[in-house]
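Chains here go by letter, A, B and C, matching the order in which they are written, and residues are numbered from 1 within each.
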Amino acid sequence: MAIDTQPGHRLDKRPSGNGPPPVIRRLVLDNGALLALVAMVILMAVLSGNFFTTTNIVNVGVQASVTAILAYGVTFAIVSGGIDLSVGSVAAFSAVMLGWFTTNQGVPVFFGVILAILVGTACGLVNGLLIAYGKLPPFIATLAMLSAARGLAQVVSEGAPIALPDSLSWVGENLNDYIATPVLIMIAMGLIAGLVLMRTYSGRSMYAIGGNEEAARLSGIRVQRQKIIVYALVGAFAAVAGIVLASRLVSAQPNAAEGYELDAIAAVVIGGASLAGGVGKASGTLIGALILAVLRNGLNLLDVSAFWQQVVIGAVIALAVLLDTLRRRA
Amino acid sequence: MSMRKSTSAVVMATAVALTVTACGSDSDSGDGKENVKLGFAISALNQPFMIQMKEGAEAEAKAQGAKITVQDGQDDASTQANQMQNFTSQQVKGIIINPVDSDAAAPSVKAANNAKIPVIAADRSVNKEKVKATVASDNVEGGKMAAKAIAEQLGEKGKILQLRGQVSTSAARERNKGFTEGLKEYPNVKVVAKQPADFLRDKGLNVTQNVMQSHPDIDGVFAENDEMALGAIKALGGKAGKDVKIVGFDGTPDGFKAIKKGTMNVTIAQQPKELGKMSVRNAMRVVDGTDIQSQIKVPVKAVTKKNVDRFS
Amino acid sequence: MEGIRKVFPGVVALDGVDFDLRAGEVHVLLGENGAGKSTLIKILSGVYRADGGRVLQNGRPVRVAGAEAAEKLGIAAIHQEFNLVPHLSIAENLFLGRQPRRYGLLDRKKMEADAAVLLQRVGVDAPPRTPVRELGIAGRQMVEIAKALSLRARVLIMDEPTAVLTAEEVNRLFAIVRKLRSEGVGIVFITHHLEEIPQIGDRVTVLRDGRSVGQVPASAPEDELVQQMVGRSIEQQYPRDTGRVTPSAQPLLRVTGLRRAGVFHDIHFEVRAGEVVGVAGLVGAGRTEVARAVFGADPYDAGTVEVLGKRLPGHNVSAALASGLGLVPEDRKGQGLVLGSSIQENLGLVTLRKATRGGLVDRAAQKRDAGRIAERMAVRMAGLDQHVGTLSGGNQQKVVIGKWLLAQSRVLILDEPTRGIDVGAKVEIYQLINELTASGHAVLMISSDLPEVLGMSDRVLVMSQGRIAGELTAREATQDAVMALAVGTSAHGANEMEDSPRGH
């Protein structure tokens, strides 16, 4: 041996000190948006006596559910370095197909739901194929789908809402005073999204592809195949969101969820994901969706005027992301 | 190489698209008479109301032996501006516009006027530029009727929530104006919350849910369209139509269903088919050189459980 | 610069560093990665503000409060990552933000004429309208130098300018540097190549752990420089007894007749267990292209690649990987690592699929394996969670190699494995190569660092013009023999060398 190799310094012991316990510290550091959410809840509770009631908290959860489920899907796209603008349209199209299958074609509700999810997945698959093999930028491919899926929803429904069978209404309703089905679905989908991102081959590949596509490819990850899986997953999540949305109204509307893709993207970004790819978490996205829901709910409770609501929502999105950026820099 | 490949792909796609469009529009041949071509720029075809208006227009055009091309503006003012430009350059004989945005439509209408193509505004007005006629439901009158209807339902006393449509549209503004004026005659009916729900059913549901938290003692809801009213009904559950009176606007098929079920008490029904027909009829009159009125009001009607069968 | 001090959260990057530069001299700044060289030049060029000490120019204290201030003081820096817009022309890049104007419009003619003069000064004969993306790395560097000249820089800072150049290009660069020196420009020159110091330098300042540990003339012997740099002596730079191994008969990797039209032709070679086969040649000779084609990262037109006698399908990374090939690409940051991800993630990338059962990744096993390999490779880190982007170059390279070790690749293709890495880390990587070959693995090593190729290879393949110009045993391989093959004996070989500067 020609040289005395220094052993690697291992500094992974936590620096001793009397800060908050590691778990809480980690949670706060990982999710800057959580602080924003807590701050907003406190602010709303102070400003309106009607905010912090059981019913209202359940309402907020229910109202966040559709955005959250859509946003979980968008998280996959954003983590893998892409974007999906079509989720609102795909949600509406899947819901309309659910109505068409169950109401117009007499398909049993259970199979109708499966078919609707398949429809959403198929839309995502088309996005994925266009992106992976057609080499279209995700922005363009999904922009095309945004228009096409919305159009198909209008075609199938002939522009009018399709009533859903009453046997589906439980999906959109509250089980009791404390638990609502949409919230349960939101949590379940969140766990699935988290599992996919953290524990599956596809999920880990999303981070690698979003972080450095060439490095991922040279490490043997089949990038194109994984991209197709990513967008198919986004489509499936969008379909579930569409089903929840339609079930709440017991009516599948071709113009439902218009503009929701922007809410979903906002939720993902507020949740700490980077539009450059490689960074993002399901828990962050959930928090992002809750922030938007708390905000909309609070503005209603405070009877803020229509015009100011838009201004406030824009400002809060900017502030939430700004806070997160500042926290990271510190 | 890949550049060339993608270029040829674009050319291919364009060619296919053109062929498809061409096949779609060239299908009918002239019927001997002078074939008058009309253009109809509709704000969006995503609501039953607009679709019915389109159907009425098409029926009237057929009856008159005219040809009508309908363009869907997809609720986007600039898309609509392009479509208007296309109509103008195609030298159609007349244009019916159902503006996405009453102000944004002005430049396109001006261009058509300069090209001496008569323009009729349907359902929504065009601001700051002259059109030959505006064919519209009487939204202000409808708003007043809604005020009267909810006051009667409540016995002239109570607290109400008003769900507002997209505040940039003239329909929302005029309905609000008529409703506010109409309510002045009923000092004991108070609007305790006035919140936007963008004419959408799911937003109507969310907003009503939220407002019920701050004002659980609401006696009535006025929604500026039926979709939002249906959302409110969903939020109110069993109370809708009974403890909380619901007044909607438009008279959509789903709205009528709710009236029959008793969950909605009144809807101020527009007659979209009639609107479409009247627009085409007046456009044809202008083409023929007949003078027409500048404001053509298509009447609205209060629909309740008693008379709903006559409408649906 | 006197007593410069700079503190980053948790680290004192510079602590009382003194540094002076005279007009018309080349002052070499030497030190291991992390010694503080980059911080020092960033303070000098206005990127960072010093926390203590002062900067003097002609005896007067000055404030370098930003890039603009540095420009006004005549200080220009050429960083390892170039500040060029690839799609714009050379001329536009040279005058970006200060294009000559006439009647408010861009005066393209004047701009291109001025650019031509500057390009001539640095010996680039490409037309000023050429888009920068069409230039090689050496060409881009010359454009950067020309840009500095156009700003009338009196102080030119060059951060490892030779790291990415071939020997020939280095010679050209040195010619330009000497010319600038004779014109009175003061040059701060950073390099890891000790042998360059006596060729180009006048004085050397050595930094270690944020302090200036000594100033010596450039003629000082290498041993002394190394000793000062690492604070210990490195007895042997290339710890390999080359040509002594008796490789097994069965080749691990056999490439026959590999061809991609216009890029490489007739590529035949074998790599046997226990061998290090070096691939030398000029940049552009097609070495990286061959490596990528063998690995399946790029397609090829004809030929075969066999691993352990089994033929691999073309353009299929997964198949290459499954057969036991591994590639450490030349562009570590751009192709080797996911910079925003943790060390653990990066180490587990290749083995991700193997660690997946029923769609789920066994993260505990991944963590265990990553920990084991990081320890074996002595990666200096705060923990497996540390982002790989925050590691030094040498430790980053260890992570790239580590992910292939985890995958138990039989044949590792290393493309410029020690580029931009300090002496200490280099030796560690060489030792790793030794361990690998001792345990029956094989290494194909592409390198533009000729001493490295000679010092580490059992056999040397020399590429020129997309062909293998010759194969040398360890004994035959000398600098002269390799260079003779590399510059090519074929007729058009000489042509290709013509883009070297004329007139000096």
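Points to keep in mind about this one:
By definition in this document, a residue touches a chain if its C-beta (ideal position, glycine included) is under 8 Å from a C-beta of that chain, and two chains touch if they have at least 3 such contacts.
All figures in this text were calculated on a predicted structure; none of them were measured in a lab.
For the pair chain B and chain C, chains touching both partners: A. The interface with the greater count of contacting C-beta pairs, when A-C is set against A-B, is A-C. The chain occupying the central position, as judged from C-alpha centroids, is A. For this pair, chain B with chain C, the centres built from the Cα atoms lie 66 Å apart. Between the Cα centres of chain A and chain C there is a gap of 42 Å. Spacing of chain A relative to chain B, judged by their CA centroids, is 32 angstrom.
Annotation for chain C: no residues touch two or more other chains. Across the interface of their complex, chain A is touched by residues 2, 6, 45-48, 50-51, 164, 167, 193-196, 200-202, 205-207, 209-211, 213-214, 230-231, 234, 253-254 of chain B.
Partner chain C is touched in their complex by these residues of chain A: 1-12, 195, 198-205, 207-208, 211-212, 214-222, 274, 278-279. Across the interface of their complex, chain B is touched by residues 48, 50-51, 53, 55-56, 59, 62-63, 66, 135, 150, 154, 158-161, 163, 245, 248-251, 253-258, 296-297, 300-303, 305-307, 309 of chain A.
The touching residues of chain C, counted against chain A in their complex, run 232, 234-237, 239, 295, 297, 317-318, 321, 327, 329, 334-341, 345, 348-350, 352-353, 356, 359-361, 363, 374-375, 378-385, 403, 424, 427-428, 431.
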